[in-house]
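In the two assemblies presented below, chain A is common to both, partnered first by chain B and then by chain C.
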Partner chain A sequence: MLEKGKISASQMGMMLFLAVVASGVMSIPGITGKYAHNDLWLSPIWAALMGTVTVWIAHRLHCMYPEKTSVQYSEEVVGKVAGKAIGFLFIFFYLHLSGFVVRSYAEFIVQNFLHKTPISVVIITMIFVCTWAVRAGIEVIGRTAQLFFPVFLIPVLFIPLLLNNMKLDYLFPMLEHGLVPSIKGALVPGGWLSEMFLLSFLLPYVRNQEKGKSSALYAVIGVTLLLTMINFFILFVLGKQIGDFLFPVMVAFRYISVAEFFENMESLVMAIWILGMFVKISIFYYVTVLGASQWFRMSDYRSLVLPIGFFVGLFSFWSFPNFNTGLYFDIYAFPFYGPLIQTVLPLFLLIIAALRKKGQSQNQNLTAAKHK
Partner chain B sequence: MRWGVVLSMTVLAVVLIGYEWPRLKKQPRKDKLVFLSLILIAWTLSLFDLPNIPGPTTMVQTLFKPFAILLE
Partner chain C sequence: MKVKCLWISICCLLVAGCWDRTEVNDLAIITAASVDKAKNEEITLSVQIFLPRALGGGAGGAGGTGGGQGKLTTMRNSNGPNIADAISKLQAKIPRQIFWGHCKVYIFGEEIAKQGLADHIDFLVRHPEPRNRAYLYISKGEGLDTLDITPSLERSTAESLREYADLHIGMAVTLVDFRNMLRGESEAAAIPIIENGKKLQKPEDIQVKAVMVGTAILKRDKMIGSLTLHETRGLLWLRNEMNKAAISVQLNGVEGIVSVNPIRTKTKLIPHLENGKWSMLVHVDTEGDVVENGTRLNLMKPELLALVQNAVRADIEARMRMTLKVLQQELQTDVVNFAAAFHREYPKEWEKAKGQWEKIFPQIEIHTQINVNIRRPGLISVPAGVPQEEIKNDE
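And now, the complex of A and B:
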């Protein structure tokens, strides 16, 4: 095994939670709001279906091939050449996403807070920090996630400060145009929730295997709850204008002003959000490095950390040339691309693997019958 | 040509190799080969004007254009 560290199931759950929600909580509500308008609170619940299905598929595959990640077992399922191709697809997908996530993080920081900082500085510092986390291995990322998880939830405590500005009327009319708008709005969070497939890279290193599935499902539930709550919150504060903002959550937090003393909470929210993004980027980066080193059958994944870091930096410019392209990708391509690679492709692997196992056991039965 | 970028990327590649080499020395030959070729590929990529040439995102967007109509 390349990675000798072990994490606990609850650490894995927190890693998955932060990996999905860290970037999602800022960019999903605005996009969902464009389609679902005042029904946007319903969309994460539809999207949770995608997360649950992905967790189920990844866990079933893990049960068939324990101690192997998806890059390794795809070779066993569909043969060497096709397996290598699928493994390459996974690695390329996560490399592409790592670069994309780093860039969208940097764009967010530069647009909202550090207007005069060159974007490459924000990107390079983040990759630099993440390189250290990834080199330290899965245990360190797991513990970082455990440490930052409660901190990441602190902004939720600020929500009651805006109770005075909230209007429950914005909730109505409910389902004015039927369920379709809320389902359309669910496609984008659905893409995000399909990232639960990261599970297949983490499960082999979980100490208490029997709890792996349930803690991944808890992560899905946690993501759904947080997104629903945030959506309710911005709906009550901003009303029908949600779709007009790119980052409605930041706008809503800017409203907070208690006794002219508690103000500019958004800077604190951003500082906390960066912690979550750090965990998210580290996990994506780690999965790319681990997958690549298994693909090349190397003896130590640490040798690949620096080259892949170089690649992540390049991809953050290559895969995200400007803000509009990035936004377009998030809205129109990722809701299909993400689930295709992370849910549909594994589903095919699962079906083939199940058929193979069945064929094997039938063969054994036949030979056993002949010997009788 | 943007010589500043080329120079800084070359320096970065050299620094990465220099930093990793003492540890990499003990690893099998294959590891060294993969490490060096990845750095070389990354360095070559960095010579292009990446934001302005079609990349993975453009490819994916073209592939999924038919589905995008669903959302418009």
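And now, the complex of A and C:
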């Protein structure tokens, strides 16, 4: 096996949680709010369906091919050539996504905090740090996730500081235009939750296999809870303006002012959430490297870390020319692109694999019958 | 080992992020800004800049609030077609980098408020530096005069205005509140009005004149009228924003005045729609203490206390009705946001009616239900300055 490290199921759950929510917590609520208006708190719950389905598919496939990642077993499922093609698709998808995530992170930082710093510096420093984590392997990423997971939740404690400025009235009228707006708003977080497919790269390295599925489902529940809570929070504070802001969560945290002393909290909140971004990017980066080295059938993945890091940097520059286009991709392309690669394609693999297994066992039965 | 050292040094160099370092002594910290109408479709942007040297030099070893005799702020202004442009011209007049992060007050001149605030609000929301918790004010006359006043109690007028907002004497409207009003169902907004700064230049003027003089009423982003301070109190009751008040009432057939301080108040709007008839029940719950009893009545008697409660109830109702009359008949603008209450309760009917809200609003019938509970009499039971024999235990 390429990766000798092992992680625990709970570490994997935390990795998945951060991998989905680290970037999502910033940008999803604004997009959801634009479509679901005051029903936006409902959207993450619809989106959780997508996450659950993806987890189920990835786990079923894993049960059929334990100890193999999706890049490896796709060759077994659909044959060598088609399998290689699908494997390449996965690798390319995660490579592009790593670049995209790095760029979104950097755009956010430059737009809000470091106006004069060239974006390349923000991107390259992040990739450098992640390179280190990826070289160290899955165990280290797992432990970083474990370490940063509780820290990541600290900003939630700041929410009560705005209780004074929250108006429950904004919640009503509930479901004014039926369920459709909240489902529309669920498309983007649904795309994000399909990233749960990262599971298929992590499960082979989980020490306590039997808990793998449940901890992945806990991750889905955690993401849903956090997003719902954040959505309630910004709805009560910002009311009808949630759809106007690109980063409503930051605007809301910025509104905190307690006794003229607890002010300008958004910098602290962002500093904390960047830790999550680090874990997220490391996981995507790691999965790309691992997948690529398995695709090339290499004996060690470490030699691929730097070259792929270089590509991640390139893709981050190529992925979109300006923030607006990036958001456009997030809203109009990713809700279909993400689930297509991470949920629908694996579903096809699962169906074919299941049919094959059935065929095989029938064949075996036949041959066994002949021998008798 | 060597590789590790190399990694660490690379990371140290890159992670420090030196491009955006800002030194406090390179910044011109803006404490308040005002936007006024200028000639040729231009605006005048004035900023109040904090003078750190004045604070440090004046206070010296004494430290803190004593401060120097001189002004702690200075005012600069510049013209331009919009705020962003005016800032770049303003920067040419200030040797330090303009910094908006501590600007807590924005003042708009009356003229520009009548023209519309939309263009100017955008900068404040879009630019990452200005705080969304900054308070908005509309100034009679021009806003820039206010920035140049030396207040006697606070460090700057910005600080005074922020304190006023915290006191809730009039409305307190932050940038986020204002946008919520604009985006609300009624598309009407209210912003507190402050006195023309020209009238407050001399210390003796500051001693006698009130700064908060009322509330500007805006339809969308354009100011169309105003409420007096007295009418503003009614608006605060209606909007459930009342938290400090002294209600003084004269009881029927009794000499003297009783004052009550409501400690806790809650206003609920309960809309009702039947056969196309729109009506609104304003439900007020308030509880408070007696703070002054100028009558001869012994308010420890429950039936006499009930009299006071009834009088307070009537007073609150009168205040709200007065404000509503102005809003419904004269200004025809729904700043209380009855529209939102109807939207919440009757979403389907609202969907049909929202185009004609301006016609519906003036005709809404108002009912009130006010519960006044006087919980405590203060520290003394009988009227304090009255001889024992003159105290009345009944009417």
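Please note the rule applied: the second predicted complex is superposed on the first by the 372 of 372 C-alpha atoms of A that agree within 3 Å, B and C clash if a C-alpha of one lies under 4 Å from a C-alpha of the other, contacts with A are read in each partner's own complex, and residues count from 1 in each chain.
The criterion applied here is as follows: contacts are C-beta pairs under 8 Å (C-beta built on N, C-alpha and C of every residue); 3 or more make two chains touch, one makes a residue touch a chain.
Just so we're clear, the structure is a prediction, and the values are computed from it rather than from any experiment.
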| item | value |
| --- | --- |
| Chain B versus chain C as contact partner of A:Ser257, first or second or both or neither | second |
| First (chain B), second (chain C), both or neither touched by A:Phe172 | second |
| Which of chain B and chain C A:Phe92 touches, first, second, both or neither | first |
| Partner chain in contact with A:Leu40 - chain B first, chain C second, else both or neither | neither |
| Chain B versus chain C as contact partner of A:Ala333, first or second or both or neither | first |
| First, second, both or neither for A:Ser319, with chain B first and chain C second | first |
| First (chain B), second (chain C), both or neither touched by A:Met298 | first |
| Contacts of A:Phe310 with chain B and chain C, given as first, second, both or neither | first |
| Of all residues in chain B, those that touch chain A in their complex | 12-13, 16, 19-20, 23-24, 27-28, 30-31, 34-35, 38-39, 42-43, 45-46, 50-53, 55-57, 60-61, 63-64, 67-68, 70-71 |
| Complex contact set, residues of chain A against chain C | 111-118, 121, 124-125, 128-129, 132, 169, 172-173, 176, 237-241, 244, 251, 254-255, 257, 263-264 |
| Chain C - residues contacting chain A, complex | 7, 10-11, 14-15, 17, 19-20, 101, 128, 131-133, 174, 176, 179-180, 183-184, 340, 343-345, 347 |
| Chain A to chain B touching residues, read off their complex | 35, 92, 96, 100, 184, 187, 296-300, 302-304, 306-308, 310-311, 314-315, 317-322, 325-326, 328-329, 331-333, 335-337 |
